[in-house]
């Protein structure tokens, strides 16, 4: 167990390439991962998640700032001296070694005594239920088994820190859900600090104690899943987290505290926030629909209904925008119906249209 | 402790410098001999054979090139080599592409043995075939004929061509050909409208390799020609005879023989390597 | 399946009036044929020379062997020399000539070069015998009288020692390939009065004369250190000629064309600074090796009469004179050797005339290639001090006995 | 109904065969026939210098092959040449490939230039090294002398051992780039994450190379060894040009293939020469099989798993 | 528009391979795809979906049975004569042709007049909003754009039937959702019969008029999304459709009509169905949880809680089985809590444990 501290960490690739002013791949990351926590790095592809993880592992140098593990600067420490294990997206199992050798390799390199290796390998193998394939080569295993071997390899090392780089992304949906649950149980049992990279918000939400949301190399928000979901700090977080996506649109002030989506009769009351234009967001599952009586206009027209079994997603054309509402069951409206959108139950999220930062509703009323 | 001995950063830099220096040494060793031969061809031999070679730029002369290019005894082989090289390439590609395509696409029995036997051809020492080949070619009137050389080279190079092309064709997603079938192509159209254009870079590389191989051959050309069909390497080798070892001319001929191959190789290097190595990895 | 060429009619006689066309394969030693002889021949005989091809000497053997093996008739006339006359003659690939077809005044070594065991397989085109060439400039620089040739081997060695300073060597030769090693040994054997084979082709070169000759040769390199070490890697007479022309070598024994090379514009030497004389002997006054070349007729030729006409034409006085004057080779007939114009054009001819008084041989045999290969390995080993000359020759002789047994037809 | 479907498949097969025919025909006619003829000759007493009467002598030529001291000598030289060029060449190729696999400026151009020696035709290669190692005018002596390493010119090409070493050097020089690029491609085929995993697992450079890199380039490595073995056993052009067609000095560069050439074309012993050539072919195949066995085969298991 | 009829269609691969008794890849498929319908083939990987599609397209021969299109047998019709368009999983765009040429290729091969080709290409390109990339090569396009080009290519042909082979599986989550909606709209506009292969049940549910569920080459169920979801015909369909997966377990009869999950106090009342053992299923979202009072045992113990934002998945250990319940919001229970599972709102699905077929509840009461 260990605490990991990032202090305005930045990374620039390709500094040496002929004078091109290289852009920061990652910049100014500052946060503390508490000992024993399970923290996810969440963000779209290319936002620098892997880069951050690699810097923590020591696989990449830090360009600026510093990383402390348990208060100790690790810049000069080789990866293997940092007491951490890495689970790679493609598992990175050594294809020429048997599963047993794969798990034992890291221990051998550390000169762990032979009998100790055996105990540890068989221990971690039984924990992940792969004792029966210890003699197989990785090629002969299914994706799920490979995944377990990669985990067993990490566990056998008994490191202070686990680093995961999208470990589930190569599994199919069913297996992914299963392994996710197992991962959660595993963390509870081992209690080691874990840093988990993913671009799947559902994964991040279900697994983590804290989530680091990143975008374009910058920190967007660092908080608990609850905070991330219910109090997104930026418009990016709001739109990235939650499925279906949050409905976000620009509303214009009409009268005190009342804002309208232009071209529609849809209005919200935000109180006085001192802005003429504001970005407003509603989660689809917090809104409701009411089919309007014939002859009245309503807020918009149902464009399509997508039944998902227990719920249905209804897409509504609202002026020149689309608005999604998730209704229970197979729904009651059909394409072409005119509907009102009812947002009374919904939490309203507001963002400054220029800084994209959350406007605290505390300020509103 | 190792990491306190030198800082991580410094250590990385040191490694980089050492490796850089090694790369330079390697490159010098790889390039110098050829550069020296070029020097031989443009400097008068007296300037180079002195105790300390006199490499002043004023000494450079292209006389030997002029001489060779004005010598009909040398021009003939150049023309022959070009004709043989190009024709061999065309024949190899025509027969090879069809064969490789079939191997890559149609699952028939004996497909694997066929591919393997293609590679076995590489194990045959040319020496063993020289006399029978000569008899064969002479009996059909192709001895000392360009056509004789062309068909012989085609036979020798075809296995390599097929070996390479198969790996390129196998890389074309079958769904493309299915799409083409739905779009209304017949099998032949699928080949020349879809498969060949898609494998174009690989085919170009293979073609270049075929050209290079036929262009560079010495032994077969030596045995299967006597005069009218003599090719450049044979002529070049002949610059050292009982009564005529002329270093400058030999070097010049060497450079002339090597240049087209060099140019083609450099143009297609990426694909040549890919074609050969992919065959290798697939084993 | 194929009829043996030997079973066809006997030796070729001159007869009728040949016509039609012929194809000739020659080495690239002569340029006079394509320059003028062919035109003259066509004019005089009405026979057309459809093609005249020149090949590199080193390549010709393989090419001809392949051609003959396939019973190819694309060439009617092929170039030959002592070794090939024996080899291809015995193989039945060359047309034997009747005595009546051979001009009467041919010099014997020239005729030897186209014969094997009494059968004549062609007619010579020029004679080539090695003589000694020296660099008078170097002689003068080292205080030696440049006009006198050494009378015997010891004098030669003494001279060579004086001429050896720094990067300048008193002597150089070409023993970098099997044929070269054979020639250099043969020369030593002959000047020691030895013989390669007895009358029945039993190899006897490992006798006293051979051992003495090889010992003396090794001494030049190892003991006296007068031999340019490059000699061991020079693979042909042309390179030796070039080396000599660069002016840092005192003495070479070389073929007549050395004269042309040494007096060419690019050479450090001139007519005046080039000395020429007999090769100094050890047990005999002098001796030399022969390298004469000739033309032979392809057994499978369809027009042998016309081919014979070419062979005879080349041996005529006019052509031979041209060869002497324009190319510096020796003539094949005695009459041209005596002609004053010839001597005027080629001063070394005088030396050659003297040479004819002594032994000049080549011992062309069908097993020449194998033998040269085997002998050269022993010679080079001896030269590098890895074996004693005696052991080397004994070993080579054993090999030779096997070869003779295999190839000499009873 | 099923008949129609069957017909379609047959049409497909026939089309495939049609495409294959020309290539196979050319190869069989121009290589198969001569190959058969050569094997036929190898069972004959067929020495052109002894006239045109050939007779079948069974395996006599092959028996001679086993007992001939010249063959033993040549095999020794071949072994020397091959072991160095194959094992040394491939080892060197891996080292250089690892060097070039690093990211550095101008990497692309270096890789391209690396192909220069490969593209030099063998004949030219021979001439080139002759120019360099010539005993009297070669640059090698000039350089070594000016560096004070030697005082007098070394006659490189007059000493059998030295000439053999130059031959080894020349061939290695020519083939190394290809092997390098092959190995480079192989190295690039090793997933980078394996190295990262190894770094985390605490493997040092040495362990990483032996335990991670090498096992993962097994396939290409085997290919390189097989191909290079074939080339090494069949080396000809460079010897021919470098030694003036003699295989000298003192037979010092007469490898088995060159001996086959000399026997066939110098000695005109076609029967024995063919036997020798057939022997070489068998040797080449045996060595290929040897490498395959060493590397545990083309790994049928893995193939089955892939399929 | 066309009707497609499959009459006990079967497919055997590799009959020709040396005597190995080849198994049926697909067997005995019989169903009718009505003209204008959008039908999904749904099933796990390797179940023969692509094979079926290929047989309809004529890219594979039918081994047994027959396929009729509009009542006409198509066995000996070449693919291009069947008047259908195929959208491939990897798009199968011709990389050496520009987008324009890609779309026009099929028309050219059919000798459509040049001006007609131009109209059709530009028509379908504007419909899919890819006019601006008509000159580009596929390499220069993003995944979503490639997808649209593949669709445009199919549309331009104006075929009677569209065949889709997992057209969305190569897109990232966001794009997949978007394209799915578009596909639905497109089908509504064109009205052509569409057969859609997918292994994603959500996709099948949202898009289709009818769903064909397959498993191991066999037809499991052919019905509307509603039927598939609420009345799964087999246990396979029940477990495959719906996310999270249906809780399925074997219950034993205790007294008349009452069945118990062995080793627990959890019972259900099924009425008299004449079986001692029965497979019983509940959808997680139809169950509720109640934390039991301290001291009582309850049905099971909460093992983990996975918050997903608007809902949370609670995993409960029930004897030696796992039981999943989806609760709204971030949930109120924590791991270790003892809970009762309340199934009063839930629809009970029963399956015969040997035939795996649905036991009609009609028979029950």
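First chain written, first letter: the chains are A, B, C, D and E, and each begins at residue 1.
The working rule: a residue touches a chain if its C-beta (ideal position, glycine included) is under 8 Å from a C-beta of that chain, and two chains touch if they have at least 3 such contacts.
Not measured: the values here are computed from a predicted model.
Asker: Just list the two chains that share the greatest number of C-beta contact pairs.
Answerer: Of all chain pairs, the one joined by the most C-beta contacts is B-D.
Asker: Taking each chain's centre as the mean of its CA atoms, which one is most distant from chain A?
Answerer: If we average the C-alpha coordinates per chain, C ends up farthest from chain A.
Asker: Between chain A and chain C, what is the gap in Å from one C-alpha centre to the other?
Answerer: The answer is 91 Å.
Asker: Report, in whole Å, the distance between the mean C-alpha point of chain A and the mean C-alpha point of chain B.
Answerer: 53
Asker: If you average the Cα atoms of chain D and of chain E to get two centres, how far apart are those centres in Å?
Answerer: The separation of the two C-alpha centroids amounts to 56 Å.
Asker: Provide the list of chain C residues touching at least two other chains, using ranges where the numbers run on.
Answerer: Residue numbers touching two or more other chains: 58-59, 62, 66, 69, 235-236.
Asker: Identify all positions of chain A at which a residue touches two or more other chains, and write them in rising order.
Answerer: In chain A, 78 touch at least two other chains.
Asker: Can you pull out the residues of chain D that are in contact with at least two other chains?
Answerer: Residues 134, 136, 244, 265, 270 of chain D touch two or more partner chains.
Asker: Across the complex, what residues on chain D touch chain A?
Answerer: Contacts found on chain D: 105, 191, 193-194, 196-203, 207, 211-212, 215-216, 218, 302, 305.
Asker: Of all residues in chain B, which touch chain A in the complex?
Answerer: 3-4, 7-9, 12
Asker: So in the complex, which bits of chain B are touching chain D?
Answerer: Counting only chain B, the residues touching chain D are 16, 19-20, 22-23, 26-27, 29-31, 33-34, 36-37, 40, 45, 48-49, 51-53, 91, 94-96, 98-99, 101-103, 105-106, 108, 114, 120-133, 135-136, 151-152, 154-156, 158-159, 162, 187, 212, 215-216, 218-219, 233, 236-237, 239-240, 247, 250-251, 253-255, 257-258, 261-262, 264-266, 269, 272-274, 276-277, 279-281, 283.
Asker: Contact residues on chain B for chain E in the complex?
Answerer: For this pair, the touching residues of chain B are 173, 175-176, 178-185, 189, 194, 197-198, 200.
Asker: Which chain A residues qualify as touching chain D in the complex?
Answerer: 16-18, 54, 57-59, 78-80, 84-86, 88-90, 92, 94-97, 105-106, 109-110, 139-140, 157
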